[in-house]
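In what follows, structures are represented as structure tokens.
Both of the next two complexes hold subunit A, though its partner changes from subunit B to subunit C.
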Partner chain A sequence: MSWLPCGIYHEYYKQDHRWWQTRFVWGKMILLFIVVYYLFPQYAGLYWIGVANIIGYTVLGAMGVQLLIGYCGQITLGHAAFIAVGAYVCALGMLMFHLPYIVSLLIAAFAAGIWSVLFGLPSAKVKGFYLIMTTMAAQFITVDFILTQYVSRIGGRGVAFSLPPGTIKVGPLVIDNDVRVYYLMVVLVTLCTLAMANLLRSRVGRAWIAIRDNDIAAEALGVNIVKYKLLAFFVAGVLGGVAGAFWISNLAALSPEHFMWSWSLWLVGVILIGGVGSIHGIFFGSMFMVLVLEALKFAIVPLAPIFPQLQMKFLFLKEAAFGLAICLFLIYEPNGMAYRWWQIKNYFNLWPFSY
Partner chain B sequence: MQLFLLAIVTGIMVGSIYALVALGWCLIYKCSGVLNLAMGELTLIGAYVCLTFYTWGVPFILALVFTMVIGIILGFLTEHFFLRKLIGEPILTVIMVTVGLSFFFRGVVELIWGTDTRVFLPPVFPMKPIVWGPVIIGQVYLWSFIAAIILLIAFVSFFKYTRWGLSMQACADDEMAALSLGVSAKFVYAMAWAIAFMAAGVGGTLLGNINGLNISVGYLGLLVLPAVVLGGLNSVPGAIVGGIIIGILQNLSGAYLDQYFPGGVKEIAPFAFMVIVLLFLPYGLWGWERIERV
Partner chain C sequence: MKKSGWKLLGMALILTLAFSPAWAAEVIKVGAINDMTGGTCDVGKDYALGIAEAIAYVNDAGGVNGKKIKLFQFDYGYRIPEAVTIYKRLRDYDKVIAVLGWGTGDTEALSPTVTKDKMPYVSASYSAHLTDPKKTPYNLFFSCDYSTNARGCITAWYEEIWLKDPKYKARRQRGDKPRFVCFYSWPTPYSSAPIKAIKDQAKILGFEIGPDQDVSLTALDTKSQVLAAKKFKPDLVWHGNTTMSVATALKDSYALGLGAWHISNNWGFDKNLVKLAGPAAENAIGAVPCAFFGEKGPRFMPKIVEYAKKLNPGIPEKDRLIRTVQAWGDVLLLWEAMKRADKAGKLTGEGIKEAFETLRNFDLGIGAPPVTFTPTDHRPTSIAQMYIIKNGKFKFLKRIDFKKRYPEKWEKEWLGW
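Showing the complex of A and B:
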């Protein structure tokens, strides 16, 4: 056992497929877990925990998008619709049927999955640009029409569901402050990442990757394309539903404005910046997007006395910066941050003799 | 009956504006294969530029011409700085660059002009409605229709009879052959973006004249997507007919379905329609049929 994964030769497939192959990697991952589960919430302060919650939500949301675009090759620009379905089903389950949060979350994830399959059905007949159009239609039909016009009015609540504090309980524990939301987020992110990573190295995941790389060849190899595409939509919808059901724990009121089309595009931007077809990419992309916005905010504070309008127009500046970031990343770093990370890692793994 | 006629006539007139914008979209796709999701923002930019000129006291026609000139410049710049570097990249990359551009443009528009609804003051077209038998229609619609038709004819004859237009057609038809005959592909791409900016700018100005101008005009620009899908992605006549049909459909659903599904039927109907078209007629009315196993 060496420190670095360089120069290790496996004798069994099982060894080759292990996630963490050396003690060094084990140590690194345990350290990461300690930081994420203990040190960060203990010492970071409430502001940064709030930021981390947003990052976690972005990660959960982008996971389904990554699965569809990065692993199954089905481009989707309407993922916010499935997140919205998750959030609404979860909220309705708790407010109207008084279900426990966890049960409600599971039902919400399942419902979002089914909803996603419904809009994935055209993928049996169309692909590429046409599929993009149908997912966009999913977004507009679900959020701008069904949720805004009908679901939001259930129970005479007007346009937004208010979620009184103390609604969301895991067992006896009330999720009512940022630290508890953070723990909920971390647990969900860990579970979803584990589920997705393991799914991707199973038969199902290999079938998805085959469809992404060449669908005709995949069918020749005996992959049932329609079934696996729909399965991908289902799993992506489930992940989106979990994201939505998590996010309501961070909200005081739920309204369709949280799930606009721009949020779908934002999620696709996250995976493109992070790296398509990589689980690391989801995390890198989410952190980059959220932290850049925080940095912009901090940059604006000293400028505010000089340009008082800047603070008012921050939202627009954010939009423009996001758009420019996507364009520049795609033009100058088309493989995303995960690729850069992989290169850096390789450099150090082979250091000092990198041949 | 009156409602029906009114919806049809209004639909044709609004639809002609969509047709104009759809023409620009279709041109970019035909010439360079880029699926442009930033079309709504191109209409926004054009509309706000024209409004600015108009509020400075420039006569409307002249303001429109200035808008088109600025559209050409912006089109060249956009193509040069963003799209040229992406030739040959996968489809998702190109689409997402246009999405990034749409965020960027919208952010810039909001930074410069804010989000309040603005109107053209004094009104460009007389307010008195025109009465044709049972049909009563605002003059704005009629003049928009006429302007859109004039521009459509101008663009189509540009493609048919001028040297540049013919080189664009050649490039759209077979890029390799066009290149070997000395057509500059870079110039053609730049031209396509310039024309798209021009068409979208005029379309946005006309839409802004009808309902006042705010960010939601950009959403109307998004309606070109159902229009071009209906017409077939790479067919210019298809884009024009598709635009008009989407306009009619939108107004009909607004007139008849609104009482059953209150709220946003008018905005959603084109997209719902698009999904149905895709299921049964995936290459639209006149698109190139590529038979492919999916």
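Showing the complex of A and C:
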């Protein structure tokens, strides 16, 4: 193995398919690993760790949306429903059956996957805008009807569940502060990313991409469209379930208000900004959506004493800036931030002989 | 984007980061999480304005024993994940010592976290679930809680209308039970919080209870719920939502001839109800936590009106709501607790909570019943105040002290729900 891609020859298909082919890439990845697992939690301070946890939650949530929209071409506007199913199943598993958190998380992910398949069934028949309607139905049936009217009343708890301290444990470790939540988040994000990235280059992933690009052609090539679409819904649901199960560890409380339709829409915004059809896009989009809000807060706090009206009269600016950001991205960066990242990377990779 | 655009963006980012300085030492930092653009902004914006005005007043009046309060106020647009990041920012970055929160969404979601962090969280959610110091020691508020409000409303109607109105004389003599249903948004913690309590009170008073009707907070049409309730022929309807939704339900009840009296929780009962529902709001009874904006009498009212005019001259006085006064209530309460904590030399989250627990029959001066906190009971008051709308004006109806009336139940049974 050499440092630079120049001079690497592959003898087997397997070699060609390796993720990290040069020492340089290995070095980068080890550096990333050290930063994410050691330097950041060590030195960033609790506030940034809290922000990172929200970014991680958004990443886990958006992953399923990216899979459905970006890779399988099935537009979804109801993903918060599956996150909610994951969160509720995980919480109920721990509160009512006293399961360990990890077992509960796995059951929650599976339940959310099955639930997602149920609402993915119409995708066998309908496409595009009509599919948006059926996924929206998933949102309202699941969150506004089933969860709020029935599930959240289980055990006489009223609408909001709250988990007593010390409920969420991984082995002997109680997940009770932001640093531990951060580690849980990082591990979950890493595992989910690895799973998704590997799935996408397998037979299944290629079938999804074929369906996205042209479903009739895919069918002519022998892809079982219904099966693979439902599989996509299942995997997306599982990822959503993991996101939901993570969310309760972050907050120790749970109510249907956390999974409103606007959150589904938000997740679609994440992948539009980050880049549709890209795993990097999920991360860039999530960071953008969370960090822009934080940056606006940093802008408002020092300016507020000078312009007191900023806090009240120009609040719409924040919402407007957001809409504007999405518009600008669609106009100037239709491929999202991931494409820009790819270009930057290529520039350095090809330097100084880019042409 | 062009290259210069990226540069500008980068510079703006660096500048904003560079300009977030550390504040001077003798400043007390208080955070506020408000909804000014989201789902509950119909009542949330006025409350947020009130918070800023009240803090300005507190600083002009000498602050906390000479220390000024620096307010960090943020809008979270009723998005719970954003409320969580704001809370963490307030806690870890701005390092505030207390938070003025908003509704049920953020308060209940953050309740386990604030307990763990020992962060006093003074909310605009008056849910009785937040009053048991064993479970939620750091959730505090100034007003009579929702459950006591609900008990107050139903009792006031029973005593002032059912027992006195000649219309019901024949039925009373026959031994008929008054019939009662609840209209509220099932999924919303604010709306569903007092339902158990009001049904308990209805049983104590001997009501016949009908099926609950689910009315969303943003309902524009409640005809199906009113028609479903009409089959039960209720004499009294409880409205557990905020003003907009209550107004819709009142109008539909009026149009469909439900023929029942209406009682409402405090966030569904203000000037806007009369404006929105018109004649349908006539005779509606509601719980009122403090004096209405501009009402004569309470000690602080001239200041409240003065600061509203001074800080937000663009909003006409007639458009200001009781929500401003409620915001003042929470700020004045926190102010008093911080002064006491500071005097005791313990201006920390724990110290402020302990200072709250030294308040005994403390009058806030905004027309609210005096508040008392003890280490075992965080219900601020046992007195519910009810008003009735007559000719489009709010008229005082009744004040009920539940501790006096049901001492046994109040002490032992009713804490925390």
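Throughout what follows, the second predicted complex is superposed on the first by the 329 of 355 C-alpha atoms of A that agree within 3 Å, B and C clash if a C-alpha of one lies under 4 Å from a C-alpha of the other, contacts with A are read in each partner's own complex, and residues count from 1 in each chain.
To be clear about the criterion, contacts are C-beta pairs under 8 Å (C-beta built on N, C-alpha and C of every residue); 3 or more make two chains touch, one makes a residue touch a chain.
Everything quoted here is computed from the prediction, not taken from an experiment.
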Contacts of A:Thr148 with subunit B and subunit C, given as first, second, both or neither: both
Partner chain in contact with A:Ile209 - subunit B first, subunit C second, else both or neither: neither
First (subunit B), second (subunit C), both or neither touched by A:Tyr57: second
First, second, both or neither for A:Ala137, with subunit B first and subunit C second: first
Touched partner set for A:Gly128, first subunit B, second subunit C, both or neither: first
Subunit B versus subunit C as contact partner of A:Ala195, first or second or both or neither: neither
First, second, both or neither for A:Ala295, with subunit B first and subunit C second: second
First (subunit B), second (subunit C), both or neither touched by A:Tyr47: second
First, second, both or neither for A:Asn250, with subunit B first and subunit C second: second
Those residues of subunit A which subunit B touches in one complex and subunit C touches in the other: 144, 148-149, 262, 313, 315-316, 318-319
Residues on subunit A engaged by subunit B in the complex (per definition of touch): 69, 75, 77, 122-130, 132-134, 136-137, 140-141, 144-145, 148-149, 215-216, 219, 225, 262, 265, 268-269, 272, 276, 313, 315-327, 330-331, 334
Footprint of subunit A on subunit C - complex, ascending: 1, 13, 16-17, 19-21, 36-37, 45, 48-49, 52, 72-75, 77, 79-82, 84-86, 88-89, 91-94, 104-105, 108-113, 115-116, 129, 186-189, 192-193, 214, 311-312, 314
Touching residues (chain side subunit A, partner subunit C) in the complex: 45-47, 50-51, 54, 57-58, 144, 147-149, 152, 158-160, 162-163, 165, 176, 178, 250-253, 255-258, 262-263, 290, 293-295, 297-302, 304, 308, 311-313, 315-316, 318-319, 328, 332-333
List of subunit B residues in touch with subunit A within their complex: 35, 82, 85-86, 89, 91-93, 95-97, 99-108, 110-111, 225-226, 229, 233, 261-265, 267-268, 271-272, 274-275, 278-279, 282, 293-294
